[in-house]
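Next come two complexes, and both contain subunit A; in the first it sits with subunit B, in the second with subunit C.
On to the complex of A and B.
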């Protein structure tokens, strides 16, 4: 599965109720869909899945606000991830 | 760095931003004791008005109860005003230990330690008993002070979807490699008034070898047939490892909190919890009154029984008037309006009708979940409830939301 689909699937599973939809640019944190306290499981998921370690100073809520930004973040630490 | 004009104007801008976002909180001055019939000055500077209070956590109506006030007077006379010490230096009186023992007996736990507030209890507990090898798994809607307490603790943290037991189970499976697992939840959730499924949670805790911690601030004293709390209601007395709760709501409402549970966890709080070690003891007058409160609620369930009956009457009244309520059976009864402005406008109009309620909206509740949260008290009499039902019906009709579904209300007012 492509990274985008995998991440969207994880977010739906982890944070959303059944009928909620999420796209590449849906705001997640600023909209309140994901609160910053619950964000840690997403960070852990990305780290395990893509073999990266995101330092705290890069893990600000803004960096996780959309799927597009999350993909950029993953690429910053693992340029070959797909 | 001095407090320069530049710094000042930066803060001013922040505050203006809060105001512009509609999130500015204003106090309302109450010119009477806490109760149902209170005198409120709002807006500031206006003549105080008589209104009926439907937004206090005064669930048992004990905040100004004559017996409690009398006990406070006696406490003041016999044990003085202040202690000027933390607990372990010279801040523990006989009545402090008496209160801890009464709470232990009432909650049916092994031991109890007092804190200055439940916020302090939550701030102290997790750090005192867990280390970096452990994991805390919390419901996503736990109270802010629980979140803060978890943030102060070096253990890993994770969350599960609100009251979603499958999701909790999945998380417990994922974290089997941690030394200790701790499931953390509120007993009654303060915004929705729903209850944690503590029976299922305790079963999962057994199955996956986890401890259970419950913040029962909105339950102690009235949930369960004898008012012991959510653990009594769910049939898990003795199976919750630690309860944090407050004396600042149903139990007289002055201040104070505690951790009550397994004796070793409580002892660890005495040895390690920073708010216990580094902040002043509870004032004798408050402790004396709280002891009286425990006597009252241990002796009779009269007040919680009345609260239960009044809550039922209130819920049924609002429902038959055509309001959209969050389902539940606690004295927290949210009237769902979805739109933030609608919630604020209706709360203001209700105040004009002499009913004191507050609208809640993002970020206090999720976006699109704005509401007026009503809270029932054992001190509400039928005529108070009837007057409020009448006012709610009048204002509901004004905004044409009676008998309207969620979708209708959103179609009319937006999110």
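On to the complex of A and C.
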């Protein structure tokens, strides 16, 4: 599964209720779908899945605010991740 | 950090300590002995009667940036409408009505409406999962719940465990066909205006709000407050926040917790102040932009947010005009000295730490405007408050700087009156004539209080208390977990975060995916605050011979401290 689909599937499974949709640019943090505490589990998911380690200073709310930004963040630490 | 008390509402602190009286506060609020005292009326109708009905009470900005403003007269009408709706639905005074909403305008209208009806409002944190919600609403036998389409879906999962819940009112509904069963759509802004509602004649002792809080053992406890709490909330907001008629005030606390009600509703609106509510979560650029756009002058936030803003740095601050700010306060956990010094440097103003609890209902110890702020200190007791640090025999310690149990002398106006349905635990909080706060502190030579830590196992994360028991119980519900323990581990941003120790059932291996599965399981059952951010797998947990898990030993291991006496440890 492509990274975009995998991340969207994870977010839908873990943070949303049935029927909710999320796209590449849906606000996640600023809309409250993912709060600052839940961001830790999202970060852990990305680190496990893409074998990366995201330092705290890079784990700012803005960097996690959309799936598009999350993909950019993953590529920063693992350019080959797909 | 020196400053002057000239022009502040409180004036000289020492003089206020000498001349303080609750009667004077009551008179200032226009309350006569024996007359009704209803928070809902005081926060809306009274302000209108003062000729301020056209003044903006609420500036609300949605996540998408939509802005709405509501005057005190609109607050009066909409809260009346909610009171009438609930009355027509059969809700009686004294019954519990839950509010399970994000920060939307109806949260504020309905809260005041519930109070006007004489029912007891039970605010629920919107990030609560179904189990956290069910435990709390079942405990108080809530008869009605006001919620949103998004949150109604979580409520539905909890509802089988809530036989007393007869009415579910869903606000901001776009598509009524998505409602289920007896759920009722309601839009207060489309409902007929209710100009006159017979406000319940509450007394100072009439129950008003039930705020759930966490303890060391057992399930969360509902701290019951009364309408008379408004005296404390009014005078502390006036003197500590220093609110003046032209201020725009912003309390960033979520109204699912006590701060968001005492200082996000009752305090500012009993003073007739204009306040900002942002629906958006923590996004520094949105926060700074809101201060600039709405000319926020008084800002009440939390150390966790301040430390996150520190992490974002100074450059972003320079992109905004924050010159409207004139007074900053903080609450929730101890404010570290670096944060006070940083805010003075970056905003030109220090954050003033305030200390209080769900049970106290209002600020009890604080740094006052105009008083020297000692970075890292809790400040001094509020006038009219007798505070002390007690030894193990519950006697006051007179020696400066010697740590002990922080305690308060009852009663005070906003003191909780019981834990809902749990008189025994309530009474256990009082010793030798003092209310024992569960915090440890010391008092310096000049009477400043300094926080030393918790006196129990409760975890303070991001300014919210989390009960280890609740986390441990949820962990045990996970299919892989045989034994569990939860402690608070130090964290640079949140002071503490939850760390879990877990022994697995046979057949399960400790993997990263299992760790994530356990984290998410607890998050969804309870709340993101309660989610363990660290999980350590062990073959078995340290227990006493009677089978009690020794959190003390785990905490010492986590912090690299000596483990101490383990003579009671199982198998040792």
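Structure notes:
The definition used in the following text is that the second predicted complex is superposed on the first by the 82 of 82 C-alpha atoms of A that agree within 3 Å, B and C clash if a C-alpha of one lies under 4 Å from a C-alpha of the other, contacts with A are read in each partner's own complex, and residues count from 1 in each chain.
Here, a residue touches a chain if its C-beta (ideal position, glycine included) is under 8 Å from a C-beta of that chain, and two chains touch if they have at least 3 such contacts.
Everything numeric in this text was worked out from a predicted model, so none of it was measured.
When the two structures are aligned on the shared chain, A:45 is found in touch with subunit C, with no touch to subunit B. In the superposition on chain A, contact of A:57 is made with subunit C only, not with subunit B. Legend: residue contacts after superposition of the two complexes on their common chain; A:24 is shown touching neither subunit B nor subunit C. Set against each other, subunit B and subunit C differ in how many residues of subunit A they touch, and the higher count belongs to C.
Subunit A uses residues 31-32, 35, 37-38, 40-41, 44 to touch subunit B in one structure and subunit C in the other.
Residues of subunit A touching subunit B in their complex: 15, 31-32, 35, 37-38, 40-41, 44.
Taken together, the subunit A residues at the contact with subunit C in this complex read 14, 17-20, 27, 29-32, 35-38, 40-41, 44-45, 48, 56-57, 60-62, 65. Taken together, the subunit B residues at the contact with subunit A in this complex read 140, 147, 150-151, 157-159, 161, 362-363, 366-367. Of all the residues in subunit C, the ones that touch subunit A in their complex are 63, 102, 126-127, 150, 153-154, 178, 279-286, 308, 311-312, 461-462, 492, 512-513, 515-516, 519-520, 523-524, 527-529, 531, 533.
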